[in-house]
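Alright, structures below, take your time with them.
Consider the two complexes below, in which chain A is the common component and chain B and chain C are the respective partners.
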Partner chain A sequence: MITYIARRLLFLPVVLIGVTLMIFVAMSFLTPYQLVSTYIKSPEELKNQSLDDLVRKYGLDQPVHVRYINWMRNLLRGDLGYSASANMPVAEAIARRFPATVELALFAIVPVILGGIWLGTISAKHYNRPLDHFSRVFAIVGWSLPDFVFGLILLMVFYGVLGWFPPGRLSMWADSIVLTGDFTRFTGLNTLDALLNGRPDIFWDSVRHLIAPVMTLAYLWWAYLLRITRSSMLEVMNKDYVRTARAKGLTERVVMNRHVRRNALIPVATVSGSMVLGLLGGVVIVETVFDYKGIGLLTATGAQQLDYTLVLGTTLFYGLLLVLINLVVDVLYAVIDPRVRLE
Partner chain B sequence: MKTKVLSLIVLLLTLSLSVSVFAFDPETFVYVGGAGGPQTLDPAAAYDTASGEIIHHVYDNLFEYVDGDLDKIGPMLATEVPTVANGLMSEDGRTIRVPIRQGVKFHNGSVLTAEDVKYSFVRGMLADPAGGPMWMFFEPLLGVQTMRDVIAMAGGPSDFVEIDEVDPAILRKAYDLIDATMEVDGNDIVFHLVDPYPPFINILAKGGSWSSILSKEWMVANGAWDGNPDTWPKWYDRALEEMVLYDKANGTGPFKLDTWDKSGAQVLLSRFDEYWRGPAQLKSAVIKNIPEFSTRLLMLRAGDADGIYVGQQDLPQVRSIPNVVVVEGLPQVTNTVLFFSFTIPVEGNEDLVGSGKLDGNGIPSDFFADINVRKAFGYSFDFEAYLNEVALGAGEIPKGPFPQSLPYVNTEQEYFTHDLDKAAEYFKKAFDGEVWEKGFKVGIVYNTGNDARKTALEILEYNIERINPKFQVDVIGLEWATVLDRLRSASLPIFVMGWLMDFPDTHNFAVPFMHSSGTFAGFCGQGLIDLAKEQFDELIAAGIKATDPAERERIYHELQRLYVDLAIGMPFMEATTHRVMRDWVEGFEYCPAYSAQYDLYYISKVQK
Partner chain C sequence: MVVKKLLRNPLSMIGLLLLLGFILVAVFAPWIAPTPEVHANDPYRVPRYGWGNTPEPPSSEHPMGLTQGKYDIFYGIVWGTRTAFQVGLIVTGLSCLIGIVIGSTSAYIGGKFDEVVMRFVDVFMSFPFLIAAIVITTILGRGLDKVIIALVIFRWTGYARLIRGNVLQVKQEEYVMAARAGGVVHRKILIRHILPNTIFPVLIQASMNMGSIVVTASTLSFLGLGAPEGHADWGQMISFARNWILGTPDNPMAYWYTVVWPGLAIVLFVLSWNLIGDAFRDIMDPRIQG
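Our next item is the complex of A and B:
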C-alpha cells in the first residue's frame, strides 16, 4: 500500500503542472488589453488613457511562456502572486476564504448525507407505496429547484420574516470583535475559534449564520443521495442472503439496518466523497445568496475579472485537494472493503 | 429517535428566537453597496468611487463645497478660499497662496502643518501610479500629464520600463521641477501654476480623493518616502498593494479606519473623537459590499442595513416599502455618450464591419468619417423613449458633450431630436447616395451585463432598420475585457461609455470627449484624432487658460457648437441618482462631487 500511495503522490506534480499549463495555454488566447480588465474592472473605471502604461507595469505584454516561467519561479519560492480581484496575495486569499468553505462543508455534510440516506431508506422500504412516492417527489423538487431560488426563499422566510438566520458569516457586532477586538484566529473556522476564545455568543452567532445555507445545500442534494441509496437498497433487498435473513426469522428492522443498508452503502460512500469535494470547492450560488464569503465566490469573481494569478492559485489548490482526497478515499476503500486491494 | 430530532429542532428554533431580538443601534451606520469594493485606500492611486467613498470619511481636503453646492467653495483645512479679491491669488491666476488651519490633529495625534500639505501632493506626484488621478496636479502645475512627462521635461526618456534605467541626475532634475511648484511659507502653502487654471481650487476640494491631506511624520514612520530628493524613485509607480497607504490610513477626517476586511468585503470605521470640527454623532460605520440585490434588500428591511445600493431598474420594488425612504432625482455631473469610430480597422474585425465595403454586407473603414452618417444615426435615436422607458425618467436629455449643470454650457444649443425624416435625408446624402442605394450592415457593441446600454442600442437598431430595409444593425454583447481590447485598437464602430466628472468644470468634459489626447479620442480612430488636432485642441487649451468668465463661456459655447455641428458623438443621457435608506437616518446631505454615498459626519439615527 505504501508503494501505491508513494506512486500516486509522485504523480501529483505532473497533475498540477498539467492544470496550470492548461490555464496558461488558455490565457495565451487573451490579448494584453483583455488582461488589463483585471485592473480596470468596468467602463466607469476607464478614466484616462493609460492602458499601455498598465500593460507595461504589470508585464501583461510579455509572452505567455515568459510569464509561465516567472510564475513557476515565484511558486517555487512559495509566492502565488497577488490577486487584484481579491485585493490580497493569492495565498492569503485562499487561506482566508477556504476555512469559511470548510466550515460550511463540515456543517452541511452531516445533514446532507444522513438525510439523504434516511430518505433513501424510507423510499426503499416503502417501495412503490405512497411514502416512497412522497419522499421521491419531495427530494426531486429540491433537486430541480434552482439553488438561488430555494436559497432566496429560505432567506426571505428565515431572515426577512422571522429574523432568525441572517446572511453573512457573522453579525456586525461579532464581526467587529473578531476583526478588531481581542480575538485570536486559530483556524479561521468561526465556530471553532469562538469556542477556543471562550466566546459562546460568537459561536452561536456563527451557527445561526450557517443554518440557512446548510438547509439549502441539504435539501438540494438529498435527491441525489436518496436515489443512490434507494436503488442500491432495492438491489440488495433482492439478494439471497437477505431472503435467508428473513427466512431465519430476523425482525424486519434488523434485516433492513444490518443486512440491507450496510451493504447498500458502498456506492453511497463513493458519492459522498465527491460531495465533500464539491462542497470544499465552494458553492458559488449559495455563497452569493447568503453573502457567505467562501472560496467558490472568490474563484468565480476572479475568473470573471480575468484575474489569472488568482485562477491559477485556486486551481492549483483545488487540484492538490482533489488528488489528496481521492487518494484518501481510495485508501479508505481498501481498509473498509476487503475485496479491494491496492497495488 | 424521531422525538429526539424533533426536540432538537424545537430547541434550535427557540434559541434563534432568543438571540434575534431586534436591536436598533443608534450609533452605528451600515451601508451595503453592490458588487465591487475599494481597490486601494491610497489617495494618490484611488480613482474609483468605491475607494473614494472610504477616503472621503478618513481624510479632509483644503476646501469643501458648502451645502453640497458646486458653485460655493468654502475652506476646510485651509482657512480662506484664495481669490484675486482677497489677495491670495495673483492677478494672472498663476500664484495661489493657501493659509493652513492651525491646531488640526491627525488620527495618530500629530498636528497638521503646511509642510504636510506640500508633502501630500509632492509624494502623490512622484508616486504617480499608472492609471491614477495625479494628472490633475501635473496639468495645472507643469502642463503635462504624468511623471514620465516630467522626466522627459528634465531631459530623460519617456519610454523607460524600469525607472532605474534613467540617469539619477535627470531624476533629481525631475524632482526639482516638481518641488518648485509648491513652497511652504510659514503657515501657508504657495502653488505656482504653469498657466492659469480656474478649476485648480476644485481639484483641491473635498470629493477629490487625490487631494487628501496626509501626515508626513506618520507616512515616513510607516515606510513611505521620507522627502529625500534622491530616493523618491523607489516609490515610483509601484503596484497598488505595494504602496504604503494601500490598506492603511491616517487622515484628519471625522472617522478612523479600523480595518479593511478584504475577505469579508467590508470596511470598518470608528469615530475620531478629536476631529477639529467636533466629533461625529455616529460612533462607528460599516461599509460593505454584497452583490446580490435581494440579500441587500432583506438587510434593509430587517434594519441590519441603514442604506443600500439599489439600481435604477429595481427602484419600483423599494418605493412602497414601509419605513424606507427613497430620495430621487439627485443631480450628478455625468453623461452617457454613443461614440463613433472614425477609422475602423477591417482585418480581424469582420464580425462588426462585415465585408469592410459599402456593398450592403458591411461598412467601410471610414463609414463614420462621413458626417452625414453620424448625423443620420443621431437623428435616428429616440431620446425621449430612452429617458422615459429605460432610465425611468431619471435624468435629462443632453445638449452636447457638457452636462448642463456645469457653468459655461449653452442650454439653448440646438441638438439632435428623434426625426426619422431628417435621418433619411442624411443617409441619402452619405457617400454620395451610395449608403442609401446599397445599404449597410454593422455590428454595434455593448458590454454584457449593462442592460440599459443594450436597450439604448436596440432603440437605435429598431429605428435605423425602419428607415431603409437595406440597413442592418446588429446589437452585439461582448465581455468587458473584450470591449476594452477592441477599444484599444479603435475597432468598435459604435460604443457607449459614460464619464463621471473628476471636478465640476467644463474642461473636465472637453478633454476626454474632444481633445486629440483625451480618454476617448484614441478609441475613435485616427480620423477623430486628426480632426481634434485641427479644430479642438487649441480652443480647449485657450478655454482652461482663460481667467475671464465671459471668455471661458464664449470658448466652451464654441466647443459645444462644434461638437454638435460635427456630430462627433451622440450624448444621450445625463442621469440623476438616488439613495435608499431607512427612515431613521437623519442628516442626509448630498453633493454631486462626493464619492461617498452618505456624508457620515452629518448622519445620525433617530428611531421613529
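Our next item is the complex of A and C:
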C-alpha cells in the first residue's frame, strides 16, 4: 500500500508539468504585450514603465524554454499576475473566493454520492419492473436537462414564487454582521464560522442559500451514478458467487448489501475521477446561475470580460486541485479494491 | 436487426420521433418562421419588435412571446435549431475525423510512437472540458466559430482512444497479415482493410455525443462566451431569461416564457439523442441480457 502511494506521489510532478505545459501553450497565442498583465504584481507597474520595458523585465522577449522556466518560477512563488476584472492580484482573488466553493462542494458531495448509489441499487433490485423503468426515465431526463436550465427553474420556483432559497451566499443582514469585527472568520466557510461564533441564525441563513445550488449539482450526478451503479449491479447479480450466497440461504438483504453492492461499487469508484472533473466544471455554471461568489463565478465573470490573466490563473489552480483530488481518489480506490495495488 | 430493436423499444421510438421533428424544423425554418424583409440577408439574426428591454407575453403575432431586448422567442427557437445542428455536426465531424486519423495511425504504427500519442491524449482528457473551453474562448475571443474550435480541440481525444483500441485488435487479424504479405502499402492497408472493420463503433459513439456537444455549446453561450448578441442560439436565449426570474410583485411567474420555451427546446433536443443512445447501449451490451 505504501509503495503504491509513493509511486502515485512520484507521478505527481509529471502530471503537473503536463498541465502547466498545456496552459503555457495556450498562452503562446497571446502577444508578449498582452502577457505582461500575467506577470505584474500591481497596476502601479504599468504607470511608471513602458510596455517594452516590462516585456524586457519579465523576459517575454526570450526564447521559449527560458520563458517557461521564468513563468514556472513565478508560479511557484504564487505570482499569477494582476486581474483587471477583479481589481486585485489573481492569487489574492482566488484565496478570497476559494472557501465559498469548498463549502458548496462539501455540502454537495455527500448527497450526490449516497443518493446516486441508493437510486442505482433500487433500480437494479427492481430490474425491468415499474420502479426500474421509472428511475431510468428519471436518469435519462435528468441527464438531458442542462444544469443551467434546471438551476434557473429552481430559482424561479423557490426564489421567485416561494421565496425560500434566495441567490447569493448570505442575506443582506447576515452579510453586514459577518463583515463586522465581532464576527471572527476562522475558515471562510460561512456555515462553520457561524457555528463557531455561536450564531445559529447566520448558519441557517447560509444553509438556505446553499440548498438550491446543491440540488442543481446533485440531480445531474444522481442520474449519472444511477446509470453506472445499476448496470454494474446487474452484471454482478449474474455472477456465480451471488448464486452461491443465495443457495447458502442468506437473506436477500445480506446478499444485496454484502455480495452484490460491494463489488458493484468498484466501477463507481472508477468514475469518481471523471465526476470530480465534471463537478469542477459544474461549479462554474451553478455559481453563475445562483450568483454564488466562489471561484467558478470568478472564472466566468473574468472570461466574459476576456480577462485572460484571471482565467489562466484560476485554470492553473483548477489543474492543481484536480491533480490532488485525483491522487486522493486513486488512493481510496486502492483501499476499496485490493487488486489495484498489485498492478 | 438493431434498427428493428430500436423501433420496437418505446423509449427509443420517442427519441427517433423527436429527432425527426427537430430535423424537419431545421430544414423548413424559412417557412415556419419567415425572415422579415429588413434583414433578409441575415436570417440567423433574431428580429426585435419594439423598443425597451422588458419581455412581452405570448400573443397572436408572437406565439412564444418576446424575451429581453424584445427578441422574438419563436423565431429564435426555430432558427436556433439550425444553429444547434450546425454546431453539433461540425464539431462531431471534425473531432471524429481528427480522432480517427490520429488514433488509427498511432495504433497501426504502435511502439514508442503510440505510447507518446496516448500520454498526450491522457493530458487532454484529464482536464475539465468546460473550463478548457472557457480558456480557449477567452484567448481567441467570443463567437460561435471559437466555440466550435474549443470543442473540437477537446473532443477528438475520446474518439482517438476508442478507435485505437479497435485497430489494435484488428491489426492482428489474418486478412491484415495477408494484405501485408501481399505487399500492399501501409496507407492502403489502414484505409481499405482496417478502418472499414473498426470505424462503426466510433461513428455510433460520435452520433450519440451530439446531445452533450450541443449542451456544452449552449452553456458557453449562456456564460456569454458564445454567439454574438441577437444570433439565433438557445443558450443565449436562456441567458436573457436570467434577469427576469423574479417576475412582477403581483405575478411572480410573469416572465415564465423567457425560460420555459428555450429550455424546453434544449431539453427535448438532448433527450432525443440520449433516448436513442440509451437504447443502443442496451442492445449492444450483452452483459445485461443475462
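In this section, the second predicted complex is superposed on the first by the 252 of 343 C-alpha atoms of A that agree within 3 Å, B and C clash if a C-alpha of one lies under 4 Å from a C-alpha of the other, contacts with A are read in each partner's own complex, and residues count from 1 in each chain.
Here is the rule we use: a contact is a pair of C-beta atoms (placed from the backbone, for glycine too) under 8 Å apart; a residue touches a chain by one contact, two chains touch by 3 or more.
Note that the structure is a prediction, hence the values are computed from the model and not measured.
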Taking the superposition on A as described, I'd like to know which of chain B and chain C A:197 touches: first, second, both or neither.
neither
Considering only touches as defined above, state whether A:206 meets chain B (first), chain C (second), both or neither.
neither
Examine A:123 and indicate which partner it touches, taking first as chain B and second as chain C; both and neither are also allowed.
neither
Check the residue A:88 against both partner chains and state whether it touches chain B (first), chain C (second), both, or neither.
first
Taking the superposition on A as described, I'd like to know which of chain B and chain C A:153 touches: first, second, both or neither.
second
Who does A:288 touch here: chain B (first), chain C (second), both, or neither?
both
Looking at the overlay, what does A:306 touch: chain B (first), chain C (second), both, or neither?
both
Of the two partner chains, chain B (first) and chain C (second), which one does A:47 touch, if any: first, second, both, or neither?
first
Determine, under the contact definition given at the top, whether A:35 touches first (chain B), second (chain C), both, or neither.
first
Where on chain A do the contacts with chain B and the contacts with chain C coincide?
30, 152, 155-156, 159-160, 288-289, 306
Any idea which chain A residues touch chain B in the complex?
30-31, 33-37, 39-51, 53-54, 56-58, 82, 84, 86-89, 93, 96-97, 100, 152, 155-156, 159-160, 162-169, 171-172, 175-176, 179-180, 204-205, 208, 211, 288-291, 293, 306
Residues of chain A that touch chain C when the two form their complex:
15, 18-19, 21-23, 26-27, 29-30, 136-137, 140-141, 143-149, 152-153, 155-156, 159-161, 231, 234-235, 238, 277-278, 280-282, 284-285, 288-289, 299-300, 302-304, 306-308, 311-312, 315, 318-319, 322, 326
Which part of chain B faces chain A closely enough to touch in the complex?
12-13, 15-17, 19-20, 22, 28, 30, 36-39, 47-49, 130-131, 133, 135, 145-146, 148, 161, 237, 239-241, 247, 258-259, 261-266, 268, 284, 286, 290-292, 294-295, 298-299, 301-302, 304, 447, 450, 480-485, 487-489, 497-498, 500, 502, 517-519, 522
Residues of chain C defined as touching chain A within the complex:
11, 123-124, 126-132, 134-142, 211, 215, 218-219, 222-225, 235, 238, 241-242, 245-247, 252-253, 256, 259, 263, 266-267, 270-271, 274-275, 278, 285, 287-288, 290
